[in-house]
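Paired with chain B in one complex and with chain C in the other, chain A is shared by the two complexes that follow.
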Partner chain A sequence: MPSFMVHVVIENKPGISDPEGDTILKDLVLKASFLSVKKIRTAKMLKFKIIEKNKSIAKKKIHNLCDELRIYNPMVSKITIEVFDD
Partner chain B sequence: MLGIQIKMVSCHLILITRLPTICVKVGVIVFPGSNCDRDMYHVLRDVFKINTEYFWHEKKLSKNLDAVILPGGFSYGDRLRAGVIAAHSPVISDVKKFASKGIPILGVCNGFQILVESGLLPGVLMKNDSLNFMCEWTNLIVENNKTPFTNKLKLRQKIPIPIANGEGRYYADEKTIKLLKKNNQIVFRYSEIVNGSTFRIAGICNKDGNVVGMMPHPERATEPEINPIDSKPSSLIFESLLNVIGVAH
Partner chain C sequence: MSLAKQESAYLEKKIGRKPTSTEFQIVAAEWSEHCSYKSSKKHLKMLPMSGPNVISEKGYDSGVLDVGDGYVVTVHIESHNHPSAVEPFGGAATGVGGVIRDILSTGTRPIAILDGLRFGDIEKDSHARWLFKNAVSGIADYGNCLGIPTIGGEVEFDKCYSDYALVDVAAIGFGKKDRLIKNHANKGDLVVLLGGPTGRDGIGGSQFASDSLESENRSAVQIPDPFIEKLIIEAILEARDEKCINAMKDLGGGGLSCAVSETADSLGIGIELDVNNIHTREFGMRPDEIMISESQERMLIITNNKKLKKLKTICKKFRIQCSVIGTVKADNLMHVKKGSKTLASLPTHLVANAPLLDRPHMVPKYLKQLPLNHPTPKNQNFTNIILKMISSPNIANKNWVYGQYDYEVGIRTVIKPGRNASVLRLDNGKYLAVKIDGNPKQCYIDPRQGAIGCFEEACRNVVCTGATPIGMVDHLQFGNPEDHEIFWTFLESLKGITDFAKDFAIPCVGGKVSFYNETPKGPIKPTPLIGVLGIIEKQPLRPALINSGDFLVIIGETKNEMGGSEYLEYIHGFIGGNCPKVDFKKSKKNMNIVLEIIKKNLAKSVHDCSKGGLAIAISELCMNNRIGCKISLDKVPSKKLKNDELLFSESHSRYLIVVERKNLNKIKKLLSEKNLDHDIIGNFGGTKILFEKNLVNIANLNVEKLRLNWMNSLEEIVVHG
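On to the complex of A and B.
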């Protein structure tokens, strides 16, 4: 069976404050005069290596795992999942 | 229940006296990375004379426990999110069973985070607004004095108490906050803005009121030697528990 890399990005939902992103924007990026940057949101990425029949099953398995084990907290966070050939 | 002590007064005279030794039993759960477990044990055992036992997170809880406490610390090094990995520990299924039976359960700091991540309490604890680990004295205001941990406190009573956390900013969506207010589940609020917590929430309980989570550390504030302000209010948190589990302290 083929091997896939599944990237899961966990980030705060829109409307949930992200003080780390705000600090990077305000105290680093804007102070360094990159004035065209308007917003920074931080995120955490988990990279799963998984052996499954196809990309679709691999994505579904990881999505279920993230929900079941509360890899992200659905009250404040959302995930986006991308699958790549390993 | 009161304990019984046998005293040898002389070679012939044996006195059997009733002591205020408290035979109720409280369990303190130890997770990998707990670091306030011994403080909690000390306060329960040495200050309030409660029969206290540690329970490693992989072991089952004794069925005869009268209360369970999840102490503070950094379970699993706060990996992924504070409390989330510990929330999958084997002991948590026992904690859930105890909770459903109405047995008092208190989570302090990381213990609160574990209760939230295990779904026993609603909401989430996020990084403090300042992004700093905050270790300082705060003042709590009692908002619900009907729980097993607050029944000896007065409503709106002020509790000087320390916090020590990096992820202590309570957040819940508007709908959840409304429900918390409606069901009287907000137990403690900070007297002023401390870390950006929604509605300045510092502690909540479940709908039944027997499961309480709080970010500040009452176990660090019950003895005058380590409380420069007033140790009595924090002591009342433990005295409230004794009041409920059968012993007026």
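On to the complex of A and C.
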């Protein structure tokens, strides 16, 4: 069976504040005069290596795993999953 | 967001027209149970709220106690149950933030945090473990980042909190009496919003807290930012010193709607504000959203034209935003505009005072169905039972929890968490002892006696450090108040607390009522929580190491009061029995004698006897000091009790005193003179805890083995399931 890399990005839902991103923007980027930068959002990424039949099964497995194990809190965060050939 | 039919009708009748959408949102937020106390306000008046040390001022969000030499201590308690149940980390952290700002709003510096945490059965329920783990991290993260020590609290697990969490936070402040903010405002003064920007987070939070938690599909999540909070604290305290603040209020439940209407109402003024002036995080927020947003880390300040420049300089120094959002009027109206367009114009008195309810109440049916007689199996192996209880989540050492908190930052913490009450050093040479206590198991089988018991337990803990109780805060947590039976349990608890407070002359200086604590499986058990503050004029009793040859003296009678005990519920799964009752007269006598013993320096340490009964209290003394003890149960003051009752009954008003041989006769004389229930029940020494009755050994425990279980079992459960 083929092997895949699955990237899971966990970030706060839009509209929910992100103090870390705000701080990087205000206290680092804008202070250093990169004034064209308007917004920074932080996120966490998990990279899974998984052996499955195909991409869609790999994606589904990882999604279920994240839900079941409370890898993220669906109340606050959303996840985006991308699958790559390993 | 909603109003009940009769509330809408009342509102329309009072203003003589249909409310605008903004008005409707403002009123719905302010008239929610969470903000208006509409079910409880009528009854809360029974609590004694004044006393020689109590300083009250209009618009204060926290209780203020005079501790002499020109200093005051402030205290407040709040919960963040609903938000913590869906997002434990952020919910618990923002709970800490909210109560800290209440302390700040009187003009005092927050110096300590205590938290009471309650979750489902973590031994069996992985969701409860997840909630517990993350709530503790949230509190630790927020408190540690702020540099405010989390000095104590309590943790309890019970099935009734399954899929739910009770996160109660109490905070203590300290400051100079002459620096307290004397809330006042004059026509033409400016209304300033200071702190983080207003965003869409937490929209409808107070309304959310007033609904039962039936589904997770809510957007009332608040994201903590402790670093902004720290800047706000420093900026506010500097602004206070520069006399830039006429009046101040923190933005909590109900957001701006609540802060503006309550401030205006308490000061007898009107406030006109323009939503265009409020700094927002997102573009395109509707005015209604701005008015009810519960974004954290914001303060409302009333200042005047002359001081505005100074205030702005201070804010700039600390890099926090502040915007002038409105002005003070003399018309007693809350006037919300967007540019020149009026969105809301309501009498502040109407907004801030929801029509109060007189909810019906009824004795719960379940009380009559509870069995009175507990099982007493023959030939029980008490050694194994004590070992099992010591390792149970409710009794196990909570170092896994408080080990994550910085409890020493600020170098005031003299007696650290893990003992009876925690003790803080104050600048005038005195010491402050604080403890919070709750007991849902006892409150379930007898809401009145249970609540009194929590109160006495908190007092006992404070007394064990040598402190005299000077004030209390209560946090009353119940299910849906529309349920007549639940409302009865609320009233009973409140009456019990009132009786005790009046009899002991301990004023209630603050508190909170939290209703609608319900899970899909039903209401929580009645969970009143009592926080007691005590003052020590000279030195606290710092527990000294127990040596071989020291004696164990007990004060107080052990009775057949097994109801709601850890032993019956954890070992036998039995709910019912006799709830422990406090005999006010004896309780007072025992407290006084313990204080006298401490004052005369006759005790090495004093420990209160509560959860788990005598067996657990003695074991704790032995484990903390890594020493054995031989206890003769025949000596324990009691009337014809069985062995399990002697060991595990949770009767109140009992204290364990560790005495050196040289002081033994003095203590004996003192106790005999006062005619109190007491006796010498044990001798310390060796490596074993031996309980004997009629010279027969009934339990034999190795202290080191017991200690390992006690210290490590909670972490084992949390980390390894």
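One rule holds in what follows: the second predicted complex is superposed on the first by the 86 of 86 C-alpha atoms of A that agree within 3 Å, B and C clash if a C-alpha of one lies under 4 Å from a C-alpha of the other, contacts with A are read in each partner's own complex, and residues count from 1 in each chain.
As a working rule, a contact is a pair of C-beta atoms (placed from the backbone, for glycine too) under 8 Å apart; a residue touches a chain by one contact, two chains touch by 3 or more.
The shown structure was predicted, so the numbers you read here are calculated from the model rather than taken from an experiment.
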Touched partner set for A:I71, first chain B, second chain C, both or neither: first
Touching partner for A:T23 - first (chain B), second (chain C), both, neither: both
Contact residues of chain A, present in both the chain B and the chain C interface: 16-17, 19, 23, 70, 73, 75-76
Of chain A, residues touching chain C in the complex: 12, 15-19, 23, 70, 73-76
Residues of chain B defined as touching chain A within the complex: 80-81, 84, 87-88, 117, 123-124, 126-127, 129-131, 171-173, 176, 196
List of chain A residues in touch with chain B within their complex: 16-17, 19-20, 23, 69-71, 73, 75-76
Touch list for chain C against partner chain A, complex: 86-87, 89-90, 130, 196, 199-201, 216, 218-219, 221, 223-225, 227-228, 281-282, 295
